[in-house]
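Should a chain be cited, it is by its letter among A, B, C and D, assigned in written order, with residues numbered from 1 in that chain.
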Amino acid sequence: MSSAYGENIKLTIFGQSHSECIGMVLDGAIPAGFRIDENAIKRFMERRAPGRNAYSTQRKEADVPEFISGIKDGVTCGAPVTAVIRNTNERPADYEKLRNVPRPGHADYTAYVKYEGKADMSGGGRFSGRLTAPLCVAGAICIQLLEARGIKIISRILSVGSVKDEGELCEATSGKPFPTVSDEAGAKMIEEIMAAGAAGDSVGGIVECAVLGLPAGIGEPLFGGMESRISSIVFGIPAVKGIEFGAGFGAAELRGSENNDPFYYDNGTVRTRTNNAGGILGGITNGMPLTFRVAFKPTPSISMVQQSVDLAEHKNTELRIEGRHDPCVVPRAVPCVEAAAAIAVYDALAGC
Amino acid sequence: MSSAYGENIKLTIFGQSHSECIGMVLDGAIPAGFRIDENAIKRFMERRAPGRNAYSTQRKEADVPEFISGIKDGVTCGAPVTAVIRNTNERPADYEKLRNVPRPGHADYTAYVKYEGKADMSGGGRFSGRLTAPLCVAGAICIQLLEARGIKIISRILSVGSVKDEGELCEATSGKPFPTVSDEAGAKMIEEIMAAGAAGDSVGGIVECAVLGLPAGIGEPLFGGMESRISSIVFGIPAVKGIEFGAGFGAAELRGSENNDPFYYDNGTVRTRTNNAGGILGGITNGMPLTFRVAFKPTPSISMVQQSVDLAEHKNTELRIEGRHDPCVVPRAVPCVEAAAAIAVYDALAGC
Amino acid sequence: MSSAYGENIKLTIFGQSHSECIGMVLDGAIPAGFRIDENAIKRFMERRAPGRNAYSTQRKEADVPEFISGIKDGVTCGAPVTAVIRNTNERPADYEKLRNVPRPGHADYTAYVKYEGKADMSGGGRFSGRLTAPLCVAGAICIQLLEARGIKIISRILSVGSVKDEGELCEATSGKPFPTVSDEAGAKMIEEIMAAGAAGDSVGGIVECAVLGLPAGIGEPLFGGMESRISSIVFGIPAVKGIEFGAGFGAAELRGSENNDPFYYDNGTVRTRTNNAGGILGGITNGMPLTFRVAFKPTPSISMVQQSVDLAEHKNTELRIEGRHDPCVVPRAVPCVEAAAAIAVYDALAGC
Amino acid sequence: MSSAYGENIKLTIFGQSHSECIGMVLDGAIPAGFRIDENAIKRFMERRAPGRNAYSTQRKEADVPEFISGIKDGVTCGAPVTAVIRNTNERPADYEKLRNVPRPGHADYTAYVKYEGKADMSGGGRFSGRLTAPLCVAGAICIQLLEARGIKIISRILSVGSVKDEGELCEATSGKPFPTVSDEAGAKMIEEIMAAGAAGDSVGGIVECAVLGLPAGIGEPLFGGMESRISSIVFGIPAVKGIEFGAGFGAAELRGSENNDPFYYDNGTVRTRTNNAGGILGGITNGMPLTFRVAFKPTPSISMVQQSVDLAEHKNTELRIEGRHDPCVVPRAVPCVEAAAAIAVYDALAGC
């Protein structure tokens, strides 16, 4: 099912970009009696929210989830946790002209074919990045459940366009407003984003994420491996086109003697000296940080004139997209990647 | 579940590397009355089989599936299709010494933790590349079902270690014994594999795959997108550490004006002038070739001495692996990637 | 998962009796472009609503679903259909005294054990008959989807306590306010309900349901049979303790020569002369009416003094339940049974 | 999926009555390191096997499962447990004449429609009672897993035709060759079966089953209740037409004051004085015996002449079935019901 994820938990995400509400139901292995920190959820949501700075779209959406079931007096009660987010800042007129002229790089055309022109594509409909808001609500809850077990998720922006961060991802990085190890690299990335935006263009980038504190033994062989679990939810985030774990594509260039992570005892605990495996061997965690990187394509909505087709008139045409769009989704995508990781990891953990 | 995949079909893979049999059950949207070409299945299985040439392990496994249900007189009957492959060439003694000393890069350690030392790890157990044989049986069936709808899956070896292929993947390439566009590049890759093997080492590589002839409109938004569906099964193939669709990680370096694929009418059909999207927009096929690349790490089993731990004696130790191992899994992995793609695509198609 | 049902559709029901909202998400095989008749949904919901007559509880709940996604301008758009029903008439004080003294016949005790006292049991929480309201919303939509294919669901009250209806279920019966074939029997049933209520007691009964117009060939062998599909959702309705199809328990007393339904051609269509099979052979519909009966226990909430335990003080105690309760759930359960049947049948049909 | 059951375990049953093998894969929450008692499995299978006495069909099938994966040296290893049973005593000629003339009460006609005449219906194909053999293998394993937790499943034949057993089901009964409390009633039931067989007819009956030693708190509200879980697998047994829990259909005739089971403390444990709930309140176990009854229709294969249709010639015709058939499936169905209960209960328990 397109809108459901999970084996031990079951996350259902509903809503279209401009429907009355978007939201989520989180069912399954959510224990009763767990106190939810709603302020922490709000702070997490703010990291995803638009309109917070110069390099982001100026839409102002509160994006505060309203919990309508499953939480009573701030505490889970064993029933599915349901949250809705009202859509308040709709500007459907922006999207009228797109009805028959699909935006290159967008789902307009594929949705048109699939739903025979009957989908609600206002604001991008079901394909909008807006649907990552309920993903973040679910993720924020899973993050709290994981933190209660000593597991933490951190991330950084590894690259924007051709600008790369330096150094190693660590907890201190993850807390920054623009999370790069090198502040200089971060500043250049912001420049890159602003330049793309000024040119009516957009730019892609890479997010790196790590799950710290995971015990060894989580995940299953074959299709139940951590890579399968994480990739299938991460690709649910719009604009993701690639994912790699540990050394990833780089491992394809290595010899086994370079890529194999030697085991050793560290005060009685088995660890590996390197972490090319990204904390996963045979689909199962080995107790080292679980690391992965996610490639985001540049935002397809750009204001430059583009070539497209008119599906009503069956002819080629030009398209100029108006409206408010981020020139780079990567900064706002960081919490989405963390949310996806948290959901996948909590789901796997709940089955152990 | 670790051993099951699919939404409209349900593939279950069973067996350990040295159990009496390995096999698969393929249930769900397999129509009754479909004639299975068993010879085509055999030829497909031979592409995965070991011991066929100088750069592959010398184990000789027949790997001929025996269909024990679901096919009568060569035709599907609507019941689940079940195939077993007998394990005939077991050499468990090779694996005895590994019991307490996990091989770096292997699942030995994580399985030890997960199953508390009680897994059957002989020959790699459930984590062995051998489990891709039943995957290929299921894939070979799905390939035939897809071909009956005019859909074809092709692939090539894009790189081995630092050696890269050139040119564009096409049908002619896919049929070669060593599938590269450039035969010169292919020869260098074989050299690279032989050199790694001679050094007691191994080497990784990348497989590129394309699904041709897919109609537009297959897949769903969110977690039901083609990328989610394909990645979750591809990561079930041992040694896979990364996947990217279309321009993939390269898209992260592009501007939107470069990455967006312009639409145009080609004799009444909507196509895109480039295919950076890899045939997928919003998780849904757009009618262009669905393309992806899969990164394989180098085989972890190398004969060089490695650092590891003795889990029984709780101390560091050295390990020298004996036995027969491919210095590069990539050539044999090509049909596995095709099989995984066929299963994922057929499953998605069956829901439309 | 406790709150999800379906294979080709996915119904998720959320909420507790006294949470802010209850509701449902209906995803999967709901076509885009289907016009929903919201008035028909309202009329269907009214059949379930309390407080409509002398023999029903006097709570007044509007129970009007608000569609917050998936329907635009009255038409489905391919995204999950989500509806919420606000809870407006809460009287939590009624339930305070039940916190440690479980009501006999209720889920109070089992929920206490399962959720370690942390469930939100106000108004019966997740176990309340109130959760059948979102079931009815989903059912009302499925009924419309089925009617568009010429399939109709009818039902009657077969018995209340020892009072039995007479004659055969037919469409005319189904539309009555108190749906019995014999109005005399219906009047006696109402007397029975009023008498039980007057005595501070309650009474059970049986609902009979039929699905008309189903084509042959729906359902699968083994666990995918129509009986499995219908029973698993029908037992999700509180107070259901039995289900039988066709001749049901009566068939256990018959000889094969009596129970087997002879086939014959009726104007070119294969039919059976009797319908002891209830329209299902081998789990698959045979084109005859699909018939089943559902046994409801008497409402456990009665105002007579009952024996129970005090879970806080670990001692036996007496309990007198106050508050407003139906002396018989059967009349309001009729649309719930129809809703469950519609969901199960539509789900099975969508896979064919 | 028709051939899969379970949420925390995943049981897949494959095969047709006359395919080379039938079998099952049991995956999921089966712990590694559990010693399987294969002799106990054999003894359990013998209870289901045909040809053991005068009132059962004379086919001699060994029905000994061969474990081909997941068990090593008699101990589970964490991989899916797979068993095959070879079909050795096929008499396909018996079934040739049925190809176009469906047997009343059988799946012949519905399978013909569903699979467009392409199903392998030899011996009843996928719809044969023979498919309960792999169900019993899976059930026998789950029974052992449950017994290791102090949970026991017992059952009896409650009725055959109009002959009813007397007294209460208890462990002593369950072990009898013909499991009735009253041996006199049992003898009459055998007479009833023999009489039906002698008349070329068949007869139905009811099996009663109880799960003893279950802790309180197993199962979930709504669709995850124990009744939903058990009914959906029990209806997968051919010939089942009804199921009821606790007082079941009888509860529909009771007043609440009669049907509610009073709670009391029994040496510190909460129990109920009666067990009309069948050990289930709100879908969740309450610690009392979980009890249910299953109605089996009479075997549809009878040797009396029956009315049917010729699907090739589109006309009414007569049918006389030859071959070997049980005049009553109930005695052999007893272990099938136990197996189904064990699988459902273990699956629910594994999620707690």
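Just so it is clear, a contact is a pair of C-beta atoms (placed from the backbone, for glycine too) under 8 Å apart; a residue touches a chain by one contact, two chains touch by 3 or more.
Everything numeric in this text was worked out from a predicted model, so none of it was measured.
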Chains in simultaneous contact with chain A and chain D
B, C
Superposing the C-alpha atoms of chain B on chain D takes a rotation of how many degrees, nearest 5?
180
By CA centroid distance, what chain is farthest from chain A?
D
What's the distance between the Cα centroids of chain B and chain D, rounded to whole Å?
39
How big is the gap, in whole Å, between where the Cα atoms of chain A centre and where those of chain B centre?
26
Using mean CA coordinates as chain centres, what's the chain B-chain C distance in Å?
46
Mark out which residues of chain A touch at least two other chains, giving numbers and ranges.
1-4, 79, 111, 114, 126, 221
Per the touch rule above, chain A residues touching chain B in the complex are 1-5, 7, 13, 102, 104-111, 113-114, 126-127, 131, 159, 161-162, 196, 199, 201-206, 216-217, 219-225, 227-229, 231-233, 235-236, 238, 240-249, 251-265, 268, 270, 272-273, 276-278, 280-287, 295-302, 304, 306-309, 311, 314-316
In the complex of these two chains, what residues of chain D are touching chain B?
1-4, 10, 12, 14-16, 19-23, 25, 27-28, 32-33, 66-70, 72, 75-80, 82, 84, 111, 114-116, 118-120, 125-126
